[in-house]
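What follows is a set of structures for review.
The same subunit A turns up in both complexes below, where it pairs with subunit B and then with subunit C.
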Partner chain A sequence: MIKKLTAQDLKELLGELRQKFLVIAPFRVKQGRLTKVLYQPVKTNDQLSSIYFKEQPDASPKEYFLPRDDRLAEETAGADCQPEEWSDNPRLFLGVRSCDIAGIELFDDVFIENDFVDPFYQRRRENSLIIGYSCQEPADNSFCQEVGIDPLENENVPLMLYDAGEGFYLKVQDQELLKGFEILDMLQELPEAESSELEEIVTENRKNFSGDEFSLELELPFPEKEAFTSVDWEEATASCLGCGVCTFYCPTCFCFKFFWEEIEKNRAWDSCMFSLFTAHASGHNPRERQDQRWRQRLLHKFSYHPTNYQGSPGCVGCGRCVSKCPVNLDIRKVLNRVEKTLAGEGVKGNES
Partner chain B sequence: MANSYNEITRELQEIAAEVFAEHDIKHLLGFGRGEFSGLTEPVFLKKPEEAERLIFQDDAAPMLSKYLLKYKPDLQAVVAKPCDSRALAYYISEGKISRDNLVIIGINGCPGIAGNTACDECDTRNPVIVDYTVGEEMSQEELEAELEGVKYLLEDMSPAERKEHYSREFSRCTQCYACRDACPVCYCDHCYVESNQPEWLEEGSSADKDMIFHLMRTMHMPGRCVNCGACEMACPEGIEMRSMTTHLYHRAKELYNYRPGISPEQSTLFSDFDKEDSEPGFLQ
Partner chain C sequence: MKVDNYLPREAEITKVVQETGINLNIKTFHLRFTDGEAMMEFQPGQFLMLTVYGVGEAPFGLACAPTTDCQEIIISVKETGKVTSALHELQEGDSVGIRGPYGNSFPLEKTSGKDVVFISGGIGLAPLRSLIDYVLHPDLRQDFGRVQMLQAFRSPEDMLYDYEQQRWENSPGTTVKYTIDRPCEGWEHCVGFPHDLIDEELDCQTEDTVYYTCGPPIMIKAVTNELVNLGIDPEDIITTLEMRMSCGLGKCGKCNIGHRYVCKDGPVYSYKELLEMPDEF
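Moving on to the complex of A and B:
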């Protein structure tokens, strides 16, 4: 089912949805010398006209699923606590692009596994409805197609929004899931569109995605041992300053640390790029140097994660780690070094 | 007058070849263009043939001096903006690196970095120590004319207004520590951030803790900050943290006529303490 909407229709639809959902959408926000696009909760209907779809948001919606600071439990309370602010409020994320959808799917793999379920993540995830957004042109430094992500179409979300210049198309992809959120009735009233109209737009936009200079030839997972030992990691990552920007902005980096604040148990984002990440109480640090930390970050995404999750990449190619890096250290350059080195070693991809 | 980026780039490529011919260096640190991103990034050149990779553009924000400490005592060549040269002079004055281990290619009449507010109030447009230079020197008269009437960030604000500004700015901090890591004079082997015995900075993020991090970093900065703006350029949240360090920089200049990194022979601000020095307190 495909619906055609004017900008006004979309606003009215969102206005109605706001009665049921906390709507979280991308907005342009001024931050010091920067103007950024960030996901923010819509607080009034007036704000709906300012929703901004034109650029890839500067940050993925990661913090809404894994907050930077997360209170987990109180020592005296025994069982895990369930903070009220996220307990029963369904959330609707509007305009999430394929890279960020893939990031959330990766979290699902990790945090809602058979043997291990993170109830905090699960509650937030199950309370969230995602409306995807079809990219019109590649974001700076992105390479999503090289890790098998289609920036234009995404079947893994129940609703997908397409910008048609004048107005939008909304594709309903999973009616079953929408029933649970009771929004089908609202959509029924909107005019239907032919699928050929939408296909034309997608085909036209797809032409903008053909010019990737970077290509990833090596199949996943990268051969762990060869990559670990044979690549000159220091040469490839010499300019790394050791800050946490790449990991904090990464839609798939999920590492966290625990700490106590009086009787509260908390977790907060951590980063494998920090020296403390692997520091032992004895003073020994198995990753003493920054290039070893870089090796960990890259191989986690391209070797360890795919090994543990059926070949699924641990990187969604959004390009934020490159754009945000204070020294523009480019993961594509490092991947390129890995590929060249392994080609020299005669290691082929894991042919399937 | 300030030189053009293209002219500086052209001269850098010529001089790099000379440097390789005249010195047995481990590498030449400069700026190059990212293979895929097209963005300016630090490069470590190993061979004279690579000289043509050198560029200088208005996004050459990183401070290359930062990398030198990692590879000392090997002989290294470095392309130094004037602010970078001051960081180097400061390193030498503190015994962090030996002058003999450095080949410095200084950029005269630096045209500055786009979006870096430090460049608007820059008082060092020519490098302070060099072995080679590119570009024409900028004259003192010209520099003074450019600085005429320039106010530093928040210069006219009251302490209460400044506090309000900092609270708002630091509320965006994610504790990624890019500011510290990009700062050329944040070179401690063991930063207080990473100390858990004692734990100077508690785990977790909150407005208070973010403020503590920045205040503690700032308290280490008087007499060391060369006012390069790298901290602010590195911050992905656009936090105007430089407004704090520049205040200290200018207070040290006004009160003690002290500017860090002006000469390798210079004493540090605290080691040339005189009992006649005024003591107004830095955060007033």
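Moving on to the complex of A and C:
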């Protein structure tokens, strides 16, 4: 089912959805001298006309699922303690691009597994509905197609929004997933569109995505031991400052630590870019040097994670780590180097 | 699906044993849960996450065996960082938090019916004790062959579990040898590093014997090298690793060695597995 909406229709639909959902959408936000596109909760219907789809948001919505810092509970609350209710309202994420959807799916793999469920993540995830957004042109430094992500279509979300210049198309992809959210009734009133109209737009937009200069040749996972030992990591990553910005902006980086405030047990993002990440109390550190930590970040995404999760890449190609790096250290260049070294070793990938 | 909320169960310290002289400061803590069920189910070689309330949390290998008469959780702790220092301040009757048990375990099936050799360095004896007490338990002793131990310590002052050693020495089919780094007056046992003593002091059979070793990383490396030199199959050499950990569940990312999480896929590995892993521990 495809619905055709004017900008006004979309505003009215969202206004209605706001009665049921906390709507979280991308906005242009001034931060000092910079203007950034950030996911923010919609507080009034007036704000709906300012929702801004045109650029890739500055950060993925990962902090809404795994907050930067999060109070878990009092540490004496016990192993049966349930996460507190944050809100009775379910949350609706509007305008999430394929790369960031893939980031959330990766979190699902990690935090809702057969042998392990993180109740804090699960509670937030189950309380969330995602409306995807079809990209019209590639974001700076992005290479999503090289890691198997289609920036224009995404079947893993129940609803997908397409920008048609004059208005929007909204594709209902999975009615099952919408059950319990009572959103279908609201869509009934809107006019239906032919799938050919939408296909035309997607085909036209797809032309903008053909110019990827970067390509990933090897199948994932990269062979672990060869990649670990044979690449000159020190030279490839020599400019790294170890600031960790890449990991904080990364939609797939989920590493964390606990911290305590008196009796409160909290969780915060942590980063493999920091030496303290792995430092033992004894002083021993398995990753003493920055290039060893860079190797960990790259191989976690292109070798270790795919090994543990049926070949699924640990990178969604959003390009943020490249754009945000203060010293322009580009993961694509490092990847090229890794591939070149592995090719020299006669490794075809996926054979470790 | 197993839900884990990262929050500990409360346990009471029922006994504190000062193991060593003040130079190394190792204490052994006996613990019981306070919520009615005093013990937990676990396997030799597993570890727990222990919370010192208001300070933090760290992983410790279990130093007790899951035998029928095991009434208390036992861990041995060397004062090293923030959590261990705070723990050393605690006394009988104080409360701590416990999560777990976590990780895989020593390969009991593989060891069953075979001779067992334990080579330890310092507090590396603690995690091995979970298997030593298992193998030497009167109800289970017949399931295993001859038992040999070589325990290394810096000095006589640094010896662990002197109150258990007599029992171990007297167990049927068991020999226990001790070594210290440097000669010392009144010491009647071996002197020197364990890897130099293996050939002489232990009867190292290449068949039907499983070798367990734990200690400082450098000692583990030296011992495994020596065992391999003596013709032991790397698959028959078992060790247990230590890493910094936050969650214990294979999520937080700190204990990664390659695609493996030491907290979940380990901490117990055979030397054969270690050879397949990137050298990052």
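What we mean here is this: the second predicted complex is superposed on the first by the 341 of 352 C-alpha atoms of A that agree within 3 Å, B and C clash if a C-alpha of one lies under 4 Å from a C-alpha of the other, contacts with A are read in each partner's own complex, and residues count from 1 in each chain.
Throughout what follows, contacts are C-beta pairs under 8 Å (C-beta built on N, C-alpha and C of every residue); 3 or more make two chains touch, one makes a residue touch a chain.
This is a predicted model, so every value here is computed, not measured.
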Combined model on subunit A: subunit C and subunit B, fit or clash: fit
Which of subunit B and subunit C A:K257 touches, first, second, both or neither: both
Partner chain(s) touched by A:N114 [first = subunit B, second = subunit C, both, neither]: second
Which of subunit B and subunit C A:Y249 touches, first, second, both or neither: first
Touched partner set for A:D69, first subunit B, second subunit C, both or neither: first
Touched partner set for A:S303, first subunit B, second subunit C, both or neither: second
Touching partner for A:H284 - first (subunit B), second (subunit C), both, neither: second
First (subunit B), second (subunit C), both or neither touched by A:F228: second
Chain touching more of subunit A, residue-wise (subunit B, subunit C): C
Distance in angstrom between the closest Cα atoms of subunit C and subunit B, superposition on A: 8
Residues on subunit A lying within both footprints (that of subunit B and that of subunit C): 257, 279
Subunit A-touching residues of subunit C, taken from the complex the two chains share: 1-10, 35, 51, 53-58, 80-84, 97, 99, 217, 242-244, 246-247, 249-254, 256-259, 276-281
For the subunit B and subunit A complex, residues of the former touching the latter: 34-37, 39-44, 61-62, 66-67, 115, 117, 169, 172, 174-178, 180-182, 194, 196, 202-206, 232-240
Complex contact set, residues of subunit A against subunit B: 31-34, 36, 58, 68-69, 140-141, 213-214, 235, 238-239, 241-245, 248-249, 257, 259, 261, 266, 268-269, 271, 274-276, 279, 322-324, 326-330, 332-333, 336
For the subunit A and subunit C complex, residues of the former touching the latter: 72-73, 75-79, 81-83, 110-120, 122, 221, 224-225, 228-229, 254-258, 260, 262-263, 265, 267, 270, 272, 277-282, 284, 286-287, 292, 296, 299-300, 303-305, 307-308
